[in-house]
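Two complexes come next, and they have one chain in common, chain A, joined by chain B in the first and chain C in the second.
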Partner chain A sequence: MKEKKNPEKKSEKKSTSRRDFLKKGLLAGAGTVLAGGVVGSFNAFAQNGEKIKVLGSDGKVMTVDKSHLQEIGLKTEEEMQVAGREGIPGKKWVMVIDLGKCKNARLCMASCQHAHELKPEQHHINVLRMDRGGDTSPFFMPKPCQHCDNPPCTKVCPVDATFKRQDGIVLIDNERCIGCRFCIAACPYSARIFNWSDPKDKEKYEDVEYNIELNVPQKKGTVSKCLFSADRLREGKLPYCVSACPNGVYWFGDANEDAVTNGTTKETVPFKKLLKDNAAYTLLPELGTKPSVYYLPEKDRLFPFEYEGKSDMEDKNHS
Partner chain B sequence: MSEVNKEGTKKTIGTIVSDLTRPIKNHKGFTIWILFLLTVMGVGMMAYVDQLANGLGVTAMRDYISWGLYISSFIFFIATALVGMLISAVLGLIGIKWITPIARIAEMIALGFAMWAGLIIIFDMGRPDRALNLFIHGRLQSPILWDVTVVTTYIAISVLLYLLPLIPDMPFLKKAMTDQAKWKQKIYKILSFGFEGRPEQYKSIKKLIRILAILIIPVALAIHTVTSWLFAMTPRIGWDSTIFGPYYVTGAFVAGGAAVMIAMFVLSRNYNLKDYITDFHFDKMGKLLVLLMLVYFYFNINEYIVPGYKMKAGDDHHILGLFTGHYAKMFWTVQLGGMIIPIILLLFRRMRKPLPSLFIGIAVIIGAFFKRYIITIPTLVHPHLPIQNVPEEFHSYWPNAWEWAITMMAIAGAVLIITILAKLFPIMPIWEVAHEEGITNEEMNKYVKES
Partner chain C sequence: MTYLNKIKIFVLVFMFILFTSSINAQWNIPADAKNKKPPIDPTHTLVKTGKDLYKSNCASCHGTPGQGNNIAAIGATDLGTADYQHSHSSGQTFFQVEQGNGGMPSFREKFSSDEKWCLIFYIKSFDKDFEISGEELKEQKADLRLSLVEKIRTVKAYATTKDKSGKEIPLEGAEVQFFIKRMFGNMQIGELVPTDNKGMASIKIPENIPGDEEGKLNLLVKFKDTDTYGKVIKSKTIKWGSKLKIVNITDKREMWGSLHRVPLWVLFSYFGMTIGVWLVIGYVVFQIIRLKKL
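After this line comes the complex of A and B, so read on.
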């Protein structure tokens, strides 16, 4: 997310008409010639001298100094707020979590905490050790925000700081949240966390523009939670946790398209068929929250249940 | 002391005025008491400044138990404030006479606690600097907006219900308080709003009081129902209840009734007004409190026995946690000491005498305070999904020094408001007490005019 900071952007606000033209050209040509070259080079923004070929809106190929390029869709905070509230049109994001595959690698948790600048005890996604009791064996259950279609949290928010977008994602605006924590009380999945004190590396992020689709920088006295990596989805990438998983636990995709992609194998399958064939379920369906996160039962687990060297259940359910 | 208040020599308007204004003039012990309250508030203020600087992390609240003492105190404050409506509106409207000397006390309690309830909710906010967002971005669908609306309305009506019955007292105060500070006399003059004791003035004041007394009933019911909905509108085990509205309202009357009983004792003793708030009044108040507690007891049975009988998955952990588990000690202490034993005791006439009433009132109000704790915290300790991968302190909750200090500041603040009101104005309406004694408006006007 550091490329979002982009200190050059402000100093170059008063751009020449030539650059405006280029920007338009870049927009028009997006997805064709540029895709690989430009998108991959954002990190090297400050360097110059290196030339790069771009396709203009008139169809001509030109070379420009790399440092003169501006990221497509790089928006001001205000524009980000508007776009972040609207969501991505036509999409209905869903996640399928295969409990039979989760070995508690916790790379999802780590990549999530890294992306959202969370402290070690703060989890947007949390891998829980679950036990259904009786003769069944315990299993690992990653638990992100369920992005409910009937979300108890957004209903109770007094200031519309947390809201549901048209693409199904439930987000928080940390610039508006008043810290009443009603949403935390209302969430039956304990998916929400609170910045009880100064966030991690507060100084480092003082001048960083707030990104509503990343919840970075985290703000003291406000609520934070899983965002389905809304910033990555805008770039056409899979969420942080999904891509980080080494065990093929996560499927992510668009229900409208009826397709979900596995974060590890990159295999894409029909969403509804995946649910039907594997007897998928949602968490606490009796509450009527209608989650966008589906679980495939913990079957065929040919690996030991181990946690910090222990194979027993230290923390029982409802502990 | 006698059982009945109507016996003995009839009081003249002169004695009533001097009896009720004497304590306002006399400052014995007042300064020390104010200093004590200000000290408590000062400590709380220091804790709050620290909380503002370092965030809510200075409290014991964490991600799972994210509401704590502040919220449970908030409900307690709203609950206690509700008594103003019960006594001056409900009982007043149906023409119950014995409330005359205690109606203003109830209204003072309502004002003090309702105002601090509004503040305590700000202490709980992570971003109090953004409180204005409630008006800029307010969502009418949120119970918090309903709460903000009805609490401010309730405070406004309560202020009027306190001030209006004060107006006819002002001529007496102007006359009796000539030896007092100028600023006080100015207040009395302003608050008299040109009242001269004319019959039509009495008529319009009585009419206004009546309108407000009717208005405040739905508002008061709304404020505590809405407060209960902060919990009942969530799908959490232990809060997900359809009877939370009436359960809270009836509980509120118990807390407020106990507060009035304590205030009656303290004020009548401290102000030497035993002739006005007599054993008769304590007896009546005790009977009223029994009735209120029995209704509350009924709702408690529904709230705990119904899920306790079925022991549905999820409910079972919650109920067992209260009945026999981690919260059993507090639960049974509160239920027995704050409700069941006081009910039994108050059934006996001897226990409705002033001194026993005081102790029972204290037990009931402490029980009421911790009952709110029992409603708020255990539910959060047992979420639907397990609490894991977080530090040990996230698993349990007990308020720390910061939270106690800030809560004590709120309690001291409410008591301070009551104290100041009781020092500025008579604690019971002179004109209504005089009416009770059979003194006519003409006699009162004559008394005011003669020098």
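After this line comes the complex of A and C, so read on.
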């Protein structure tokens, strides 16, 4: 027993001395800052004499007075990784897509591809031509990742690269992804894409820190997917696709607040009432994936279905 | 070139002409429609209303006027060019918005007559000769005061204005809107409420509105007609919302969870099987050793 007690005591002593050291250090630091503030208030451009060597954007080394330096509020990659895995507490993001309003303007796709540095053939969100069969009229259906509450994709990831956060978003970490594409196979909505070749503007993004909430820079040999614009949500803004739509197709909001906002008209309505009044549905509910994306049926259409000059599915009946 | 190829090319050209002509269908505009004049004169406010309507309904095809970012392939013209402005009278554009033609949908039901004229004022504002000739509606400075009645969950808004002598009098018949602040916008609750002869408009807050963790809601009250009464927005924090319970879904043990959140039955069955198999192997080896010793 005696022997066991000793190391504990030692460590206690150690930690107290460390605490003391930190306290002293903090006090000293606060003192310097205070003194600096007092001096600075007398002369705003007072130089404390300490010079620092800085590498300028033109490659020349310059000396700058320390008091003139300002830290830029950029997050390091590690901070972004931690915050990106955590999510935003108390939120549950939902999207409602009104199919009666879509006329295939494809601005949602364009703004998404621009934001996430995707090539024209790569889609985080895609506008599909749909047909319910029989004599029904075809319609356009935007399809992003469904951000399932019971996601099949994250279950199959062998390296914990794709995951679900507390605010309901399913993200993927490029740094962990090994490119096995199990998640692509598992996703029943075909929401994921694979970077088969080098991403767009690879040279431009060589030195950019990887942002897990934007999935930029994209990386060859990894999977990419819709992120519900997690970076925009952190700033309190609507996702890229939602705010780009010119026809009021998208509603987006927080289910915990029971409110969704239209990206075009900026009108805010109760979320559950919108679903109830318009007979909303989810895609493939029989799979039990519990999607966070809801669809309103294509009634009261604003625009007729027209694709390449034809008002029906061009590949419906070959002539 | 074979005869068959010639026919193919002929058919292709013919189809292309047919296709483009069906989209750029000719407008047949009656003379009286061309000479139709707006019933009101344009003002800055009306042009602004038209701009908002244009942005959300027309810009997706016609682009920003004068910028040339219209989708010409489907027959949508740039409405800001001098060419367009000179060849189209206000009445003509009005007719086109009402009727629709080819690729352009009809907006007869979508917009009211006033809204259509606002839209045309905005389009015409790109003409050099366009003049803002109308007078703005007179502003009547008004103010709002809020009071809460806890027992019946009711918010009362008192609208006041000043008479000629500068004395404060209640404002009657002004429409007041009540909003709850949400993440991406303000959600209107109830209908528009006009103020009564005491200048009061009241609304009962429904019980099921989700608030924050303490049930707090951020209430905003303003006049509907901001052009007349000014942009008066009053806000108040009320505690009548339902309390939000923050549940971290990633704390639960789920199949989709990471290594640290494996469901317990998976853990038990996996380790149970592994340990069981090794025990059997160990038992067999032990028996073999005992066999040898015999």
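The rule is simple: the second predicted complex is superposed on the first by the 238 of 319 C-alpha atoms of A that agree within 3 Å, B and C clash if a C-alpha of one lies under 4 Å from a C-alpha of the other, contacts with A are read in each partner's own complex, and residues count from 1 in each chain.
Following the convention adopted for this analysis, a contact is a pair of C-beta atoms (placed from the backbone, for glycine too) under 8 Å apart; a residue touches a chain by one contact, two chains touch by 3 or more.
Just so it is clear, the structure is predicted and the values come from calculations on it, not from any experiment.
In the overlay built on the shared chain, the residue A:C177 is in contact with chain B alone; chain C does not reach it. By the touch criterion defined above, A:N247 reaches chain C but does not reach chain B.
Of the two partner chains placed by the overlay, chain B and chain C both lie in contact with A:D160. Of the two partner chains placed by the overlay, only chain C lies in contact with A:D258; chain B stays clear of it.
In the superposed model, A:L302 makes contact with chain C only, not with chain B. Residues 152, 155, 160 of chain A lie at the contact with chain B in one complex and at the contact with chain C in the other.
The touching residues of chain B, when paired with chain A in their complex, are 54-58, 61-64, 66-67, 124-128, 130-131, 133-134, 136-139, 141-145, 148, 230-231, 233-236, 314, 317, 380, 382-391, 394-395. Residues 109, 121-123, 126-130, 143, 152, 155-161, 176-182, 184-186, 188-190, 192-198, 220-223, 283-284, 287, 289, 315-319 of chain A are the ones touching chain B in the complex. Of all residues in chain A, those touching chain C in their complex are 87, 89-91, 103, 105, 107, 149-152, 154-155, 160, 163-166, 168, 236-238, 246-248, 252-254, 256-259, 261, 264-270, 302-304, 306, 309.
Touching chain A in their complex are the following residues of chain C: 19, 22-23, 55-56, 59-60, 103, 105, 110, 180, 182-188, 208-210, 212-213, 244, 246, 248-250, 254-256, 258-259.
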